[in-house]
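Once you scroll down, you'll see the structures, which are given as structure tokens.
What follows is a pair of complexes built around chain A, which joins chain B in one and chain C in the other.
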Partner chain A sequence: MITQASRRPLASWKAVLRRTRQQRQPLLLRSMATETTPTTPTPGAAMPIPPRKKPTFHTIKSNLPHKPIRTAFAVYPRPPSSRSTTPSPLISYHAQQIRRLDRTGARTALFSKSNPDAAKAGDVLQVTTNRGEPFAGVCLSIRRAGVDTAILLRNHLTKVGVEMWYKIYSPNVLGIEIIWRRPKRARRARLTYMRKPSHDMGNVDHLVEAWRRTRNVFSSKGKGAASNAGRAGKHAKKGRR
Partner chain B sequence: MAPRLPARWAAALSTTSTSTIIPSRSLLITERHTLLPRTAKRGVKYGWSTANPRDKPNRFNQPSAGLPIPTAGPAAALKRKEQSTPFRTGILATKKGVSAMFNAKGMRIPCTILQMDQCQVVASKTRGGNGYWAVQVGCGHKTAGNVTAPLLGYYEAKGVAPKRHLAEFKVRGEEGLLPVGVQLQPDWFKVGQFVDARSNSRGMGFAGGMKRHGFAGQGASHGNSKNHRTIGTAGPSQGGGSRVHPGKKMPGRMGNERVTIQNLRVLKVDNETGIVVVNGHVAGPKGCIVQIADAIKKDPPAETFMEKAKRLLLERNPDHEARLEEARVAHMELKEMRKQGTIGQAVALM
Partner chain C sequence: MLNCIDNSGAAIVECALVVGQKRHATIGDRIVAIVQKQRGASDAGMGVASAANKVKRGDIRHAIVVRTRKQVQRPDGSVVKFDDNACVLINKAGDPIGTRVNGVVGAELRRRKWSKILSMAPTHA
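Right, the complex of A and B next:
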């Protein structure tokens, strides 16, 4: 990241600012950590009996001057409405599911629109799942749909273009890491043009290698650090950027 | 077979046997067979049979006659449909959208989120009064100004606020009925049970044969002229009678018809937000009304659960009986006042 600083003065500023933000991060992270309290339905809990309200009258008026009210009906009060208390249950459903699946809030922050350090389309990401090798690739698009949010990664394996969708909140996804940041913001949300030969990034393994080397330099040298990379589900470095 | 003695005759005979005023009628009565008609029923002449005459088909096929149960008629229809009728009522909900849920194994399960809003029992349909057992359920609300006067009277008599949607759910017997006015909650369903979801599918408008019925269409070339998506011929010729058969699949209105999705598993219920989350997809656009009921092709939830759900329902609406009685009494009074034309005074008093 920083290696490009000499050639791109603006990018260096971005990197420096990002680093200063990251140094502040631990404090913020600690405050962001939330203990989940799943809202399981409590069928046994009896609701308090609301006091019985009197009905109101709905009058139907007439045009006759001597009889202004044609007829009237008693209209009884409405029962408690879940629609008025929860107008958009989909949002609360997403929030509740994300609370359950992403306890530290790291995944949400990694793809949050409000986070300046979030992963964007065009960045190279690496996803570690609970089976097989980690998959690294350039992020072509982020499909935001609450708990169903997914990312599309593209790489070349054995000179064949491979694209993989990953659900970011899936329990099978152990960690997502940003390998390389695109120096300039992509001006499209979905980089489908990167499938064209003229824009294709090709294999990203060299970027992954470079990232691994920098990590080994900064962390405690040993082999353990490299093997720990991506095991974010069990460590505080989850969703590390 | 000769008909049995009509009831009128029997009544006349019983009076004459006591009074014996008219001697001509008393001729019918012998010592052995007081009330039998003179016409012979049994004998070689009329076709001798050792079978009990009451076992033969008779137009007076009453339940007390000891005859085989009729296989046609309302009672037989109810009996026939018994297996496919759920024990208890379903509910009305609104489709809110589609999402996913990750289960314990980490598998992604697509799901539909349905919200119950002010879902109340409005009426009961009984075998005696209506010919079948059913629960009428309403959901949503309507401002009184948008409700017609006859329906306002209907809701007034039930003591229920006017509803946006009404639907009936048939139940197997009297045990499935619920008291009028009780509010149903999502925990009416057990997590893990199977339900059927009925709703109107998304309307596609006027659609051609390819989209509506999956016709193959026609070739793009080989001399084809301006007929690429048309349905082709509509009827056979010569042997088929050179006509269009009834029910021929043709272009027309597609969608917006009732679709039942069977055997959806309930993944989550939440009384606070009023949501029922079911596995898979339900027909119709977001915001459509969905009828959810216990699946007819799966075992119903455990009896203990159904009892518990009903008990909870009644506990949450403890004064439903008094409420309904009060509403009924008030309705009769108001109805009388409306007839008299003195309803204005009642309104002024409020």
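Right, the complex of A and C next:
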């Protein structure tokens, strides 16, 4: 994709902008050395309970203004809502677990909706796990569920369709890479129609091979792909210990 | 009806029974299978089976399920799902009848102690 953009620089503004963004990124990272340390305080710290206000007694309007009728019913002011002071336990738990499993925030950024460079449904992704060969396939859907966020990849192995769900924050997943971007945005969130023979992409090995060749151009020893694949995972491992 | 993906000679088999349990079979389960279609000759008549075919139509053999359309959950949270149901024929002792497996098989076979089939397969997912 990068080579295409350089050959026809005005052909795809999107690709050009993406390339400039990616070139800008390393400079930022280098200048901010302490970015990886999480600075946000842990939620859940108990807020001090405000002192209880004294009740007032309910009064009834009487005809004589200087002699109000006082009742014995105490009226307590409404206590302040705890919703604003105490964060929702489930949301904060998910956030805490994501911070623990994804120290650098790379995975969150790779699948965040606000990131223009994020992986979308229809892209071809490669997941490297800590056992076996990496699995590449077209991303059919992204199931966003906090720390349980998962992606569904589909590929053809020996002419048989294989689909795999992977949890993106799993410690077993060492790296997720974007092999190929869909030229046009998919107009569905879940591309289940790609299981039909008429829409099936088939085997994506040729895309993986092309991607590996472009990676080898930039690295001197021709192992750039392998070292980049493990980078995110290494950070995660460091964080756990 | 399952595909048979080894070179024993069977192409399509029918599951008659799941051995040892009353639930549906999943990857790594042993089933009793009836050979419904033979590979190769493709003659509808029950005529001459080619010499390589170790099983004939109507044979009742044991088999191991190696791929399922139903998704199988792994202990690490990942899920695998294939586009077809497939099996590999074995004999009563548990050794494969064929000598090679053509096609991807599920990695659950390792956990279920069928590593002999796993080593014959070209890839596993």
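Everything below uses one rule, namely that the second predicted complex is superposed on the first by the 153 of 241 C-alpha atoms of A that agree within 3 Å, B and C clash if a C-alpha of one lies under 4 Å from a C-alpha of the other, contacts with A are read in each partner's own complex, and residues count from 1 in each chain.
As a working rule, a residue touches a chain if its C-beta (ideal position, glycine included) is under 8 Å from a C-beta of that chain, and two chains touch if they have at least 3 such contacts.
What you see is a predicted model; the values in this text were computed from it and never measured.
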{"item": "Touched partner set for A:158, first chain B, second chain C, both or neither", "value": "second"}
{"item": "First (chain B), second (chain C), both or neither touched by A:82", "value": "first"}
{"item": "Touched partner set for A:167, first chain B, second chain C, both or neither", "value": "both"}
{"item": "Which of chain B and chain C A:135 touches, first, second, both or neither", "value": "second"}
{"item": "Touched partner set for A:59, first chain B, second chain C, both or neither", "value": "first"}
{"item": "If touched residues of chain A are counted for chain B and for chain C, the larger one", "value": "B"}
{"item": "Overlap of chain C and chain B interfaces on chain A (superposed complexes)", "value": "148, 167, 170, 172"}
{"item": "Residue ranges of chain B touching chain A (in the complex, touch as defined)", "value": "94, 96-97, 99-102, 106, 108, 113, 115-118, 120, 140-141, 144-145, 149, 152-153, 155-156, 159-162, 183, 186-187, 269-275, 277, 308-309, 312, 315-316, 318-319, 323, 327, 330-331, 334, 338, 341, 343-344, 346-347, 350"}
{"item": "Touching residues (chain side chain C, partner chain A) in the complex", "value": "67, 71, 76-84, 86, 102-104, 107, 122-125"}
{"item": "Touching residues on chain A, where the partner in the complex is chain B", "value": "39, 41-44, 46-47, 49, 52, 55-60, 67-69, 71-83, 85-86, 88-90, 92-94, 97, 101, 130, 145-148, 167, 169-172"}
{"item": "Footprint of chain C on chain A - complex, ascending", "value": "129, 132-133, 135, 148, 150, 157-167, 170, 172, 195"}
